[in-house]
Every structure is written in C-alpha cells, then in structure tokens.
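Scrolling down, you'll hit the structures one after another.
Two complexes follow with chain A in common, the first pairing it with chain B and the second with chain C.
Right, the complex of A and B next:
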C-alpha cells in the first residue's frame, strides 16, 4: 500500500474511534445508534415461514416419497445388524482392520467393539452404525457425482462451490427443521441430515483431486488414445484416488459427528439418543459411557479409512489367487462357523445381560465426590474466568467492576486513570510510528471498558468493514457490510454479538495457546510426539462428546461452552503452527544462525514471520472450528445465535431457526474471508 | 543420416508437414484469420496489441521419414505449443498439418483417438507416468486402452522393455525409480504402439547432466535401430546439436532459422542464433566440406576423406599429411583441405560469433 493510502486508512481509524467515543458520551440521547430500533427490523421470520409453507405445500409429496423409499433399505440394514450375532460383527470388523492396517488396529477394533457389548449398548450401537453404513455410501456417491460435475463444468462449479460453503457454515441444526418439515419424522430424517452434512467434504475432495492430476499424466492419457470415458475412469480417477479416499474419510467423520445431532430429530433407541437424553437428565456417568461408544466407533473408522488412503502402492496385490482373495475366504469361513456356533452357544449370539458391566453409578459417585471435594477450586476457576475475562469483554469493565466482584468500585479517579493509561499507550505507539498498534491499544481499551454488547452497532460495522477494506479491498468491505446489515435488519444483532463475544474469546485463547504449543512442538520432538495422538483424538471425537466432561464438572453456562470450544478449536492452531515452523527452508535458518541470531531473535524475527501464512491458515481454521462448536455448545445453555437456532428447532419455527443459522453462516464467512485475505496479503512478504 | 533429397518425390519422403501454424490465446482468436491474413510480423504485433498471446506464429516445417528434427528454443518460445499442435493436444488456431499426406486438422475427435493410438507416440518432460500403475502396466497402458488381448500386449511390452533396458523392473512403481529410469518407462510407453511419428518434449531436461548425456546416447542407439520420424524439443543448444539431423530455432512463437546444425553455426540468420553458437566447439560441428581451401590446386595422390567428417576427427590426420587431404562425396572430389584452410575457417567463424556478442 502506498504511503498516502496508508495514511488515509490511519485517519479513517482515528475518525472511527473518535466517533465511537462521541456516540458513547452521548449514548443516553442516541438510543438508535446504541440499539438498532425495533421498528427498523424487517419481519423476515414471517417471510421465511410463509415461503417454507409454500415449498412444503408444493413439494411435500415428492420429498415424503423419497423419505419412504429410503426407509426401506434403512430398515434392512438395521435388521441385518441387529440380527447378526455380536461375535460375528466383532470378528468381521477386526478382520477388516487387520486387512487394511495390521495387528495394532485389529486389536484396537476388537477392544472397541467388545466395549459396546460389555457396556450393554449393543442394540443402540448397531442402530447408530446402521445410520452411518447407510449415509456414508450415499454421501460418497452423491459427493462424487457433484464433485465431478463441478470439475467438468465451470458453470456448475459456480453454483456448487458456494452451496457447499453454505452447507458447511450454516449450523446443522438450522437445516434440521426444513428437513423435518419436508421429509416428516423418523430415522430417515436423521439419515438425510447426515447425508447433507457429510456431502461437502466429498465434493470438495473429488473436485480438488481431479484438478490436481498432473497435466502431463492427462496428456499422456490423451496421447495413448484414451476415449473420454477411458480418460475419466482409467486416468483421472485413479490418479486422484488418494484425494478421493481422503474425502471418504472426512465424509465418514462428518457422518459420525451427526449421530447425536440426528437423534435430536429422528433418533430413537440409538446411541446418540442415549447420550442426549442422559445428558438432559444430568446423568453424566451414563452419558459419558454412551459418548465413548461414538468416540470409539469414529476412531476405528477414521484409522481404517485414513490407512486405506495412505496405503503405499508398492505392496499391492500379489498375483496368486490365495493371497488376493484370502481375506474374503477367511470372512466367509468365519461367518459360517460363527453362525453355526451361535446356534449351539446362545451367548455367542446375544451377550447375556448378567455379564454386562455398567459402571455408570460408580462414575456418578466418583463425580459427586470430586465435585464436593474440589467445589471451592472449581468455583474459583469459574469465577476468575467469568469476572476477569468473560464479563469485561461482554459487558465492559464499566459494568463488571464493583466491590462485589473485583473488591473495589470504579470511582471517577480510577476511570480517569484508565483513560489516561490507554491514551498514553496509544500515543507512545503513535509517536514511534506504529500507528496500527496505537489504534489497536485504543480500540481494545474502549472494548474492555464498554463491552462488546454495549458498543454502538455502527461502530462495530465500521471496524469490521474498515478491516475488510484494508485487507481485501472494497468488494470484501461491501460484502461484509451487506452481511452485517442482514443481522441488523433481521433483528438478531444482539444475539450475534453474544455469539461473537463467546467465540471471540475462545478463538483468541485457542490461537494463543495453540501457537505456543505449536512452537514447543516444532522445537521438541518429544512434545510433538505427545501432542500428536491428543490432537488426533480431539479431532476425531464427535464435538458433542467433547462437551460431556466439561458439563459434568462446570455445569451449564458460558464458561463450560468456552472450554468445550477451546478444546475443539485449539487443534488446528497447534497443527498449523507446528507445520509452518517445521517447514521453513533450512538455509534460511542456517543463514540466521550464521548472522548470530539468538534463540528468541530466531523465533520472533525469522521463524514466526516466515510461518505467518501457515499461522493465518491455522487461525482461519480455529475460527471455523470455534463457530461449528458454538452451535453445539448452545445445547448447554449459552445465549446467542446458537440458542436461537435451537429454539427455532424445538418450537418448529422455521423462520427463527433459519435466520439465526444464516446469521452464524454470515459471521463464519466474514471471519473466513477476512483471515484468508490477510493470509494472502502476508504470503508474498514471507516468501 | 541426412539423405540426399531430390525435390520431385516429396510425397513419399515427407512424414509430417506443417504449414503456417498459428496458435493464438485470447478472446476471438479465430477472428484474425477470417479475412486474408496480414504479413506475419504485422499480425503478431496486432495480436499482442489486443492483449492476446501468439504462442505460435506462422510456423512451417517438414519432417522427413527417419529424420530427427529438433525444435530448439528458450522457455516461452512456443516450442511446446507447436509440438502439442502436432498431436492436437493443443488445437491450432490456423494452419495446415499433414501426417503421411493426411490432413490432421480435418480429423474428427474419434479419428484423432485412432491416430494417437496407432500413429503418434509422445514422451514428456516430467515423464507423465500414471502413479497408480506399475512399470509394466504403464507401458501396457496405451495397448490395453485399445482392448488388445493379454498375450499380444505382453509380447509387445516385452519387446520395448528389452529395447529400453528395463528388464527386471516390471513390477516396480514409478515413485520407486530414479528420474532416468522413469524416462525409460516413458520412452517404452511411447514406443509400445510402434508409432510413425515420435514426439519428444524436452525428454531429458529434468535429468542430471551425466544421466542426460547417457540417455542421449541411449536415444540415438534406439533411433539407429528403429529409424522413426522424430520431432525432438529442447532448450539446450548442445543437446540439439548432438541429436539433430536438422533443427529449427524458435523465439517468441516465431521461427528464427531452420537448417542442419552446421548450417546454423556457419551461417546464423541473426545475432540471436549466433549467440547460441558461442559455446559450441567449432571443430566438432564444422565438416570437411566447409573448410575446403578454394585456392589450393588438387594434387594427385592425396588421401581421401568423407565430406561430412567433422574437423575434430580430421585434425590428427592433417598432422600426418601436411600437403592436405581430398574431401569427397559419393566418390566425387570436392576440394582440398589443408591446415591453412582449417585455421582460416575456424578463425572466420570464431570471429563472427565473437562479433555477435558485444
């Protein structure tokens, strides 16, 4: 950016701060700027509902037909899985794990399946598995077709890419209701929701894989005289197979994370319902036992498909028929043997109830003991976080500081002191030529004093749009402006700010903590080796299951949600930081060492700046994960858009749920576009 | 390898013929050729001014049967575009290409698939191997697309595997091979269908210098056996000299000069061509015919040498025959080569290339 333009941006920031302060000073008489007047809000909820009524009336029979058609195979799979002796299911899954990966995974799989039996959740587990077994192939097929269409036709891609964006950013809860309205109740609804949620990664990976095929390989195929069909099935698809398998893996993970959510609308007698209902009854021992089932299923399936995607091509099938078909032969022999044996020994068919081990009560007792024993510690952790971090951001020091919370009142002297300190900080940075830092200090001081939810809406719009303009130009600024206008006009601005506050704190903490861990992991192989399996587990764990332990200890509320979001959103920060820092060209490091950089200088002046684009990508992913988790966290009683989505769902109010869902998607997209634009901006500087 | 060509039986002699090939990237590229085209240079200017890119401009050349024709140019010179036009991987905007006398640009997509299956083979700079197929399957790939029987495929693949020296590596995968080995697979694959026209797009550019040299020798050995009609693309002038029967230099999409390596060196069309010849050891390129002493009178009893013998080879002989050597072609005496005439010729050409580089 040229000097003049940079100076113009600086003046815009100063003007924005000045105006904000002016509005805040006269806030009693400028109510319309503080709170968006209700008379300006458009009746969008009614419009949405009316529109949906028309759609349902016109297309209802069609969708119900689909629903009935899908119910048939779904029922077959359920019946089959229920009919199969548990020993057979266990053996076949173990054999499959062994075939794709080896003894280690086979052992893990056997243990995981055995857990489901012993704990007494066999029937429920199989019902959930039926959902996945049914939804994944359909999502994979659909995703493959759509992804291929997007690859071949630029026009189709222009429709498909944004649709996938929306499907992935709109919280699932928001489209559960329209599905419910269109398809009716029942397990099929959960199936359709799972498919919709699981399709986007398959579409993306298919398109990406096909696009990434080496152009010379394509040319070689053409020169070999391949017909268009041969070109697709014998050149493009095999070359893109790795990426496509990765898509299948991600699709499968998405389907697993939907098990619990799907049970909200269509679940009966499956494991998701078990988790959900026990948690609602505050039976945490029961819910964690059920949650572990889902986590185990997800982990087994993840390892199996990930392993298949990374399998080296060298150890491909040998030629003789025995080695090629041995697993199929073993599977058939196994099936027959077990079916016969289970006739003779009934416990092989149905695990006897008397042998079950169900330590829920023990867990509950233990939990109660911990909660009682450490109640002071737990309470003080919660209070500290609430009074010193969360409330100031939410409502401002102005509202938070009182003799009751901080131990002293906010006297005029203290207020003046705060203002002087903030001003001094800003001026100090300003005089040293670091105008950006000065603006940041002033902005943060204002934010902390007044609180995010108590700032005038035009100021927040101004800040975001100015930021967007600075990193991405006028188009991005206009887009973010339009998005925020929707939030205002739909009347969900206050809820949106509550969501931003919670998610914002979580993201800042996750990113800071995650980057620090990433730095450590990049310098120390032991730390890296310890973090890797933890990250893997956190990422394969369906987000809902992550909530359970935090709810157990900290009960419902914002703080619990915050911890849950952090535990989910911190993973990309750690991973990208480590990856970015480890992949810096060694010559650059050597050059810096030769110039006599100390360890700290190396970090701050060489490694972090060079890893900046990767760090930005990590931030971007952290934000996306945070927003995804925010909706799930709404189930444990946070306020904001997530809660509105949930209310809309439980009241059958399509408009309310959809608007809140779109609102969340808007926030996610604004954050995504701004961080990506910034990442692109720092890219050339880091090269 | 240069066959003496008589102008009257061109049809049988010429494998591939390109006339006024244009490839223009940009909006409405075909529009430039709707009306009678301008002078090429003027048209290039006009296309550039419109913001379009003339990747190949008015390129014409012939490839004779059994000849290695090299297209040499730096990156962006349009050489890769031209070679892709020959197989219609890139559709030429304008021009005429004939293979064995058939108009290539008039073929339907289906006919084009047949032509690629049977008539043209291509080798790629970065090998273009299918990562999911073994060496054997990669080489068999073009044959299996044609739906030949397993036995036919095996026989054909065995033959080319032998030819490129890959025996024993059939079950390896591309990522397990070195670059040189991978390119052997690429060469074998392109030869598996026994094509009439063999296209090689910078086949050795991705290899280490030592391997490159080795592969060039290997390539010449294979060509000695097969006598294919070849279009060979390279950016390396020395490589061009090593393999070319005739060569064409391209710059900015246009042809700068076409001729035998010796013609290019002894008679560069402009400073651009002359600049390439700087590093060339003259004694290796100049032949006896080009260093004849025009003033010297043919005395009897001189030893006879072939007219296309490189100067490098005749120097030691000249040391033993101070009175000179007689250059002959087809038993016909052309003139006397003396130490004096060799030095004069070398000095003449060295002086010229020196002058070309300020």
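Right, the complex of A and C next:
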C-alpha cells in the first residue's frame, strides 16, 4: 500500500474511534445507535416460514418418495451388518487394513473392532457403520458429479461454490427441521442429512483436482486423438485421482461426525443414540465409552483412506493373477471358514454378554474424586477467568468491576486513570510511528471498558468493514457490510455479538496456546509424538462427549462452553503451527545459525515469519472449528445464535432456526474471507 | 401406509383391501423411546401390555420433536407420555389437522415450576413467594450472572417458558439454559452438597424428590388458565401453565389395531408408580427391562382388566 493510502486508512481508523467515543458519551440520547431499533427489523422469520410451507406443500410427495426408496438398501445393509458374525467383520476389516497399509494398521483395526465387541456395543456400532457405509458412496458419487459440473461450466461453478460454502458453514441443526419436514422420519432422514453435510469436500476436491491436471498431459491426450469421453475417464480423472481420493477421505470424516446428529432425528438405535441418551443423564463414563467407538471407527477409516490416497498408482500392480487377487481369495476363504466355525462355536457369532467389560462406574468414580478433591481450585480458576477475561469482553470493565468481583469499586479517579493510561499507550506507539499498534491499543481499551455487547452497532460494523477493506479491498468490505446488515435486519444482532464474544475469546486462547504447543512440538519429537494421538482423539471424538466432564466440573454457563470450544478448536492451531515450522527450508535455518542468532531470535525473526502463511491457515481453521462448536456449546447454556438454532428446532419454527444458522454462516464466512485475504497479503512478504 | 397402497392397487382389489384394513394388522406397533427415564417406563409398560394382548411391538428411538412428524404420518403409532407444554408448534398443528388423536391423560399429575433447596429461605426470607426474588436476586447470583440472580431453566430445545416469565414480570434474574436433564441434576446435587445458592426450573414426577427435599416458588393465583407467553406482570404473575400428560396415537391406530386401541384407552400410570420404578432404574442402576418385568409380574391385578378390555374389542 502506498504512503498516501496508508495514511488515509489511519485517518479512517482515528475517525472511527472518535465517532465511537462520541456516540458512547451521548449514549443515553442515542438509543437507536446503541441498540438496533426493533421497528427497523424486517419480518424475515415469517418470510422464511411462508416460503418453507409452499416448498413442503409442493414437493413433499417427491421427497417422501426418495426417502422411501432409500429405506430399502439401507435396511439391507443394516441387516447384513447385523447378521455377520463379529469375528467375520473383524477379520475382513483387519485384512482390508493390512492390504492397504500393513501390519501396524491391521493391528490397530483389530483392536478397535474388538473394543466395540468387548464393551457390549456391537449391534449399535454396526447400525452406525451402516449409516456411514450408505452415506459415503452416495456423497462421493453426488460430489463427483457436481464437482465435474463445476469444472466444466463456469456458470454452474458460480452457483455451486457459494452453495458448498453455505452447506459447510450453516450448522446442521439449522437444516435438520426442513429435512424432517420434507423427508419424514427415521434412519433414512439421518442418512440424507449426512450426505448433505459430507458432499462439499468431495465437490471441492473434484473440481480442484480436475483443474490442476497438467496441461501437457491433456495436450498429449488430444494428440493421441482421444474422444471427449475418453479424455475425461482416461486422462483427466486418473491425473486428478489423488485429489479425488483426498476428497473421499474428507467426506468420510464428515459422515462420521454426523452420526450423533443423525440419531437426534431418530430411529437409528445406534451408537449416536447411546451417546445422546447417556449424555442426557450426565453419565460421564457411559458416554465416554460410547464416544470412543465413534472415534475409533473414524480413526481406522481415516488411516485406510488417507493411505489409499497416498499410495502409488494402481497401474504398477504385478500381472500374475495370484498377487493381484490374493486378498480377494483370502477374504472368500476367511468368510467361508468363519461362517462354518461360528455355527459350531456360537461365541464366534455373538459375543457372550458375560465376557463383556464395562468400566463406566470406574470412570464415574474417578470424575467424582476429581470433583470433590479439587473443588476449590476449580472454583477459583473459573472465577478468575470470568472476572478478568470473559466478563470484561462481554459487558466491559464498566459493568464488571465492583467490590463483589474485583474487590473495589470503579471510582471516577480510576476511570480517569484508565483513560489516561490508554491514551498514553496509544500516543506512545503513535509517536514511534507505529500507528497500527496505536489504533489497536485505543480500540482494545474501548472494547474492554464498554464490552462487546454494549458497543454501538455502527462502530462494530465500521471496524469490521474497515478491516476488510484494508486487507481485501472494497469488494470484501461491501460483502462484509451486507452480511452484517442481514444480522441487523433479521434482528439477531445481540445474539450474534454474544456468539462473537464467546467464539472470539476461544479463538484467541486456542490460537495462542495451540501455536505455543505447535512450536514445542516442532522442536521436540517426544512432544510431537505425545500430542498426535491427543489431537486425533479430540478431532474424532464427538464433541458432545467432551461437554459432560466439563459441565460436571465447571457447571453450566459460558466458561464451560469456552473450554469445550477450545478443546475442539485448538487442534488445527497445533497442527498447522507444527507443520509450518517443520517445513522451513533447512538452508535458511543454517544461514541464521551461522549468523549467530539466539534461539529466541531464531524463533521470532526467522521461523515464525517464514511459517506465517501456515499459521494464518491454522487461525482460519481454528475460527471455523470454533464457530462449528457454538451450536454444541449451546447445550451447556450459552445465549448466542447457537441457542436460537435449538429454539427454532424445538418449536418447529423453521425461520428462527434458519436465520440463526445463516447468521453463524455469515460470521464464519466474514472471518474466513478476512483471514484468507490477510494470509494472501502476508504471503509474498514472507517468501 | 396400507390405505395408500390400497388406493394404488385399484378397484379390482377394493374388497380384499377393505378386509385387511378392518382386521388386526400384523405389523409391529411402533412406540417411540425419548431420552428420559419416565417416558421409557410408560412406553415399555404400554408395549409389554400390547405384547400380552398378542401384538408385536417395536421400540424406536426418537427425538422429542421429530417423533411428532412420525406420529402424524403413521410411521410411529402411539406415544403414551406427551408433556403438552414442552412441545413446540408441530404437535398442536398435527392434532388440529386430525393426524394425531389425543386419548386423554395418562394419569400422571405433573407439576412444573421453580424449585430451590430449603436452605435458600434463610438467605432469602420471604420465599416461597416469587415477590421475594425481586429483592434478593443477589443471593442467587453467581460469578457469570452477577449482579443478577442465576436461574437455571430447561434446556433451550424444551422451549423458553422460564425466559418468557422472567421477561414479563421483570425480575433481575439471568436465565441460563440447563443444557440437559443430567446437567441440571448434577447442578442441583452439587449445589446442595456445598450449600451454594440455587434456583431451577424443574418438574415432577421425578426420582430426585424421593432423595432430597426441594421447595416450590409460589405464584399469584391465576385468573382462569395461566398463560405464560403474555399478560403477566409483577403483582399479577401466575407462573406456569401446569402441564397435562397425554396419551396420543396416530389417527389410523384405532382402525388397524382395534384391540390394542381398546387396551391403550384403559392404561393409567400415576406418579407413585412411575416414581418407584424411576428410583429403581436411575438410582439403583438396574436394567429397564428387568424392572418393568418385575412390575408386570407383581401387578396383574392392575393390568389384567386392561388387557381383558382389549381382548374384548378384538
């Protein structure tokens, strides 16, 4: 940015801060700027509901037909998986793992499947598996078709790309109700919800893969005189195969994360329902044991498909029939043997109940012990976090500081002192030429004093739009403004601010902590090896399960929600930080070492700046994960958009839930676009 | 389902179709299983008695909202325990359109409202009257709601009734959604153990009341029926509309399963019975099926006549 433009941005920031302070000074008489007047809110909920009524009335029979048609194969798969002896399922899955990856994964798979048997959740696990087995191929097929359409037609892409964005960022709970109204009830409806949620990664990876095919390969195909169809199947698709396989892997993960939500719709009697029911009764041990099943299934499938995506291409397979078909032969022999054996030895078919191990009570006792033993520590941690971090951001120091909380009242002297200190900080940075830092200090001082939920709405809009303009230009700023206008006009601005407050703190903490852990892991292989399984578990364990221990220890409320969000959103921060720091060219490090940089200098001056694009990507993903957790955090009593989604669902009020869902998607997309634009800006500087 | 199929089959088959529709259906009767123990008991007792009358029964797990869609279109058949004040818009709409038949009350006498442990009356003299809450909200405050009092409400997806009442009568309390039944119970228990302040929206019958003592906040007498959404104010607050717990069925249940319908009409489950069974299951950790079977064995005098009434209608 040129000097003049930069100066103009600085003046814009100063003007915004000045105006905000002016409005806040006269806030009693400027009510309309503090709280968006209700009379300006449009009756969007009613519009959404009216629209939905028409859609249901017109297309209901069509969708019911689809759901009846899908129920048939779904029933077959469920019956098949239930009929198969557990020993057979275990053996076949182990064989498949061995075939794609080797002994290590085969061993892990066998243990994972055996866990499901020992714990006594076999039937439920197989019902969950049926859901995934059904939904993944359908999502892959659908995604492949749509992705191909987006590749060939720019016009289609203009519709498809934003639709995929919306499908991925709107919380599933928001479209659960329309799905129910259209498709009816039962496991098939859960299947459809899973497909909708699992399709976007497949679409994205297919389009991306086809676009990235080397032009030389295509030219060679042309020269050889391939027909368009041959071109597609023989040239483009094989070249894009790796990316497409990555899409299948991600689609599978998405399908697993839908297991619990599908069981909310009902009729599944699967592991998701177990998790839901045990959670409802706050049975910690029971829900953890059931949640581990989902985590294990997801890990096994992830390793298998990820391995297949990275494996060398199939065309260098040996030609002789035995090596080519040996696994199929083994599988058939295995099936026959086990089927016969399980006739003779019934425990091979159905695992005897008396052999089951169910250590739920032990886990519960352990949690109770922690609760009783550490109750004082727990209370003080919570109080400190609330009084000194969360409440100031939410309602401002103005509301928070009182003899009850901080031990003293906020006297006029203290207020003046705070203002002087903030001003001094800003001026100090300003005089040293760091205008950005000066603006940041002034902005933070205002935010902490008044609180996010008590700032005038035009100021917040101004800040976000100015930021968008600075990193991404006028188009981004306009889009951001339109998104926020929707929040205002739909009347969900206060809820949106509550969501932003909770998610914002969670993201800042996750990113700081996660990056620190990532730095440690990048320097120390032991730390890295310890963190990896923890990250895997946090990412694949259904987030619902994480809520229970947190609620029991920290009680209902924002703090518990914050911890739950952090435990889920911290993972990408750790992963991207470690990945970025480990992949710096060794020559650069050597050069820095040669010039005598200390360890800290190395970190701050060399490694972190070089890893900046990866760190930004980590931040972006942390924000997305944090927003995705908001709805689930609403289960422990938060008051933001997430809760409105539930209210809409329970009242059968499509509009309320959908508007809240779109609101969350808007926040996610604004955050996504701004961080991506910023990431693009810092990238050339870092390379 | 069957009816629609008959229409498709055309006129030639009309006779046989009519016969099938009138005779007892052989398909299993589908009963939804919700997420709370009380409902499990009602559902399983109903189901077991259907089995005694010679029907097959299938229990289907279902969320509290989706189940009404299924009950309306016949994918589920009966739901013996519907708390009429916790349902959203879908249920009344289905009743109004005639897809769901309400057979009357199950026999449970529910009570809902705000409960608090007795020691709160020392911290806030004037309780149980709700008027007392205006002045001692701070005794109910917690770190995250200060200076307002902390009121635990039902989970957000059970509706917003406490929030509505708080907003109308304008008491300085911050409603905090309870998240789940288990979380609410955990809160109550730990508060009682440590003597922390506590006020919570709750319901009975519930096994909790067999274990610990709680008092109910009292309200102004209602003028006619108490309306929650509007018209309440300080000095004229009736609190909560008391629920009725209904037995409902899909509209074609009577036609397809006449004997089961006659039996279903007879079933009565009251507070004492449900409380006793809930205590066995939730507190003593016993298996639901085992507890139900035990009750069935011991109480043939109670349910015998119900099944007879059903068989008479066959």
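The working rule: the second predicted complex is superposed on the first by the 619 of 687 C-alpha atoms of A that agree within 3 Å, B and C clash if a C-alpha of one lies under 4 Å from a C-alpha of the other, contacts with A are read in each partner's own complex, and residues count from 1 in each chain.
Methods note: a contact is a pair of C-beta atoms (placed from the backbone, for glycine too) under 8 Å apart; a residue touches a chain by one contact, two chains touch by 3 or more.
Note that the coordinates shown come from a computational prediction; the quantities given were computed from them, not determined experimentally.
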item: Superposed partners chain B and chain C on chain A - clash or fit; value: fit
item: Touched partner set for A:647, first chain B, second chain C, both or neither; value: second
item: First, second, both or neither for A:382, with chain B first and chain C second; value: second
item: Contacts of A:404 with chain B and chain C, given as first, second, both or neither; value: second
item: Which of chain B and chain C A:214 touches, first, second, both or neither; value: first
item: Superposition-derived angle with apex at the Cα centre of chain A and sides reaching chain B and chain C, degrees in steps of 10; value: 150
item: Touching partner for A:238 - first (chain B), second (chain C), both, neither; value: first
item: Chain A residues touched - chain C or chain B, whichever exceeds; value: C
item: Touched partner set for A:224, first chain B, second chain C, both or neither; value: first
item: Touched partner set for A:557, first chain B, second chain C, both or neither; value: second
item: Smallest separation of CA atoms, chain C relative to chain B, angstrom; value: 48
item: Doubly contacted residues of chain A, that is, touched by chain B and again by chain C; value: none
item: Chain A-touching residues of chain B, taken from the complex the two chains share; value: 84, 87, 89, 113-118, 120-122, 124-134, 141-142, 145-146, 172-173, 175-176, 186, 189-190
item: Complex contacts: residues of chain A adjacent to chain B; value: 214, 216-217, 219-227, 230, 234-235, 238-239, 241, 313-314, 316
item: Chain A to chain C touching residues, read off their complex; value: 177, 180-181, 184-186, 189, 263-269, 273, 276-277, 279-283, 371, 375, 382-383, 386-387, 390-391, 402, 404-405, 547-548, 551-552, 555-559, 634-639, 643, 646-647, 649-653
item: Residue ranges of chain C in contact with chain A within the complex; value: 32, 35-37, 60-67, 69-70, 73, 75-76, 88-90, 93, 141-144, 146-147, 152, 155-160, 176-183, 185-187, 190, 194, 282
